[in-house]
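The next block holds one structure in the form of structure tokens; read it before the comments.
First chain written, first letter: the chains are A, B, C and D, and each begins at residue 1.
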């Protein structure tokens, strides 16, 4: 198995079985965001409407399974089942990094591990995925081809400097020049671009810069509250010094609630996905009340899928959406837009 | 046994035996409300006067056993003994939801399980009880009949959207239209209406709305510090998704001290009962110092009654009132009114 | 043995062997008072001068063993040894409540249990002791006689409403009228009056009132950080209701650091003794930096004396004073007066 | 073995094997200093440049092993290996107190235990070391000789009043007069003077005074977050009273982050070394962001050296510097100077 495939399998294994979650006070951060119980919501709980439009699709809930996997043969089944779940519940789905497609030179079998998602779920927004530092090596045509190969509705560009700094194979070139590539791609590629972190959060400064220089209008904050990629890579690296560095920065990053606020301030009219430990419907609604438009997650649905099977993973999404609805009911928000008008105490 | 009776028995059983209390920081909330010790109170401890008037009765202490039960045959004895205790100590008593009376079409035996309270305790304020969402199905005449059937001095209308959202049989219609029914009932029914939560607290917004639109002037905040009905219903529900939702919102609600302040701000001249974890005389006096007029509780007296018997439950009330008196003594408040003038540090 | 003697023995036994300390956040209160380390103190540690004048005596350190015992035959030896320790270290000594002298009608043996202190230690300030509520029953002549009988240099009047409220024999008459007795006594008795709490703290309001109405100028704050008399009496009372009340108010009171500040604000030119958990030299210096003039303690020296013997108790005082000196050295305070000029961060 | 040598060996042994670290909230202090993750740093991680000039040398990183040992024969090897490590990694090295050289009257073997450092590492800044209270007994010529004997590039004068107060042999004369000796030495000795604490921190007041009266321009804050010398001496002292005092002030001192800020405020244009628990690269970068110019440590490199050997100690420094680089990368600071411009949330 080539290195890049093996890495994908390792990632799944480590995320599911090891302790890779942020510990440091994120529980506290979310708990300190207080929504107000309204004993007369003013409507029926079943009237709660979580439907929203995203990338031209009607979603049943403002929820996204964010980019996870693809490439190695074993991931085909994962993507197929995630697509089934997303389709079943009417939510968006992200693919994992498509770099394996590039390195395999668009090998059919490799492409298939991603494309299975679209084939399985024609009715939901599907988001492609590529790294910011891979982008600098590509022309617009190649990016187009990448998107087309999986028939994605948008392309997520992930920023992961902390992960790359620990990862044995890491490419840590995060020069500003890549922003001009991003601008060109955003203008020419024909689908919207989403910029995301992978678990250390987006800052005000970064979102400002991207908005100003590239016109990108969709962000996934992927803050430091859920899966810590530094911890994941710590388990993979053999190098003692990197292992140590990983320990030192294992809790590094901007907590998700803070990142939501910073991103919203930096880009008032963008679409913001809140992810990074947004693992239940209460945190989801809090995130929306703070200014996000959608909630996203990766680890919990994956863990359920690999450890407990399809039913459990699917039920996770059902429970998530039902919790969102109940919390919206209890704060008196009948529609998503109402969440912008409810009191939030921080 | 019909469903509704069985539910009542289950409720008693779960509340008394399972872990259904709020955990989240309410201890802290109450502890952070600091009353100032006055080493020279200025009078004798035995001069402390806790007497007050409520619904035309003279109470020995501003205390109420809030609505608990009724309906199933087994509850008759509970209500009888609660009435004895209330009568003995000169405090107010609430009945549990009278819906079983409606569903049984005023069956004599069912009515008896409530009416036993008045028969036992003619000398105390007795408060009937019905759900906000049941109200919408009733005419004023029916409500009158409901109040008369138990010879109540007032009618409590409970708001419990969180409970209904978890409860298998839950009715989650909390539309604003019901407010106009409430207004009409309040105007016509002939006894005062009390609006209460059941453990998630009343917010400023809700109290404002009720005050403005219905003229109701008695509130029981029933805040999120004591019994969590979401947790109670979690034990009852068989449905996995609802169980999950219950876990997510098990600590949901407005802490009692916050709810007292919000309610007082929203309705400066109403009578406010502080309940929801107001389980000892120190918390009771703190609640009064924050703006409440009376303190109430349900779970502790019920637990003592069912687990340790009448004497223990009665002693609970005695201890409660004695603690209130000692705390009032130590803050230099000889009468209840003085509690409005003492310093409170939050 | 008469009741009052037996009570004294019980008190010693409970304080020394049971858990009667305040738990609630006083550790935190003291820790949050931060003194600044000065790496160049500007003098030699042995130059630190803790000497001060109190009641006409030159003390080696601004320290007092506050009122503990007397009455029962067994207490004679305690007072003798406390006097030896105080004399040895040049600090002040308080006697326990002299009520047994009154109730015994100045019985010689009873008086002797107190007077042993003066006989043992002619060179230190000795402070008599009587309860505020006992005072109301006495004429100035009787109070004079009380002071003279033990040859005290001052008389402490203790305020202990919380203790009296729990104590089976408690007298809870703390009417304001007694203040006029206190004023007269203060004017006529011929020795200075010290007003003290016993572990629940003096408030701004109480100190203001005493200062304004009686002219008393010495206060011992006895705040809620060390020994809780409510807890002590909880162990003694047989009455279930009082036991419960004691549990509810076991942590009641004004923390010592807060009480120091309130007392200083209320009486800028009085002599303030900081006691109530001021159990080591660091807390003592912090108390002085907050505005106190002296530090006091009761339980730790008593416990050492009764459990480990004279040497240990005496060493406690030595360690206490040495710690004070080292801390004064490290904050750059050569004399006590310098403590008023050092920065304190709260 | 003479006393002073024996003491040096004891110090090493205690620091390495006993619990001598500060516990009190320094973890919290450092954690509350928040640097902002920048998902697009704007350069390559390998472009991070930590080089700096110090005392005329080019350092690979702004890092110093602060003064540890010398004197006893056993310390020669320690200093040789520390010098190898410092040289290998291009960082500065401090020697332990040179008092043994004075007391041995410049005995060749004693001098050799220090001089081995320069012989081993000609390419790094080497800092001599003497106590503030030893200084008062020396003339400028003697100090010069001391510096020359080890061929140091600068001389550290350490302030350690807390340690001296506990140490059995302690000299606690920290009179202001010694400042004039320091001024003269600073002017005449021919190498720069560095003033340092040993773990209780420098205050604003002390740094102001030194700057104003002596012109010294290099400070090592040595704050209260890492090794507590009071605790070290507690293990050494046999005297019960001092042991007690040590317990009382074991957590005494100014936390390192606070001391950095105070020192920078008091001396805006000095060179500041942040030490005292600055034990990893994240704390190092936080310290630099707070205003320090370099980071220093003693205990961790020593412990690694003595317990795990040369390789481990050397790797500690490598890991430290690599962590610094990664953190600088993640906050978008390509050069040390950039750390003055990044946002710091406290």
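To be clear about the criterion, a contact is a pair of C-beta atoms (placed from the backbone, for glycine too) under 8 Å apart; a residue touches a chain by one contact, two chains touch by 3 or more.
The model shown is predicted, which means the values in this text are computed figures rather than measured ones.
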Magnitude of the superposing rotation for chain A and chain B (Cα, nearest 5°): 90
Chain D against chain C, contact positions shared by both copies (same if over half, else different): different
Between chain A and chain D, centroid-to-centroid distance (C-alpha), Å: 45
Mean-CA-position distance for chain D and chain B (Å): 63
Contact pairs between chains, per stated definition: A-B, A-D, B-C, C-D
In the complex, chain C residues that touch chain B: 24, 132, 159-162, 164-166, 172-176, 178-179, 197, 200-203, 205-206, 209-210, 224, 240-242, 244-245, 248-249, 252-254
Sites on chain C touched by chain D in the complex: 31, 36-46, 280-282, 315, 318-319, 322-323, 326-327, 329-330, 332, 343
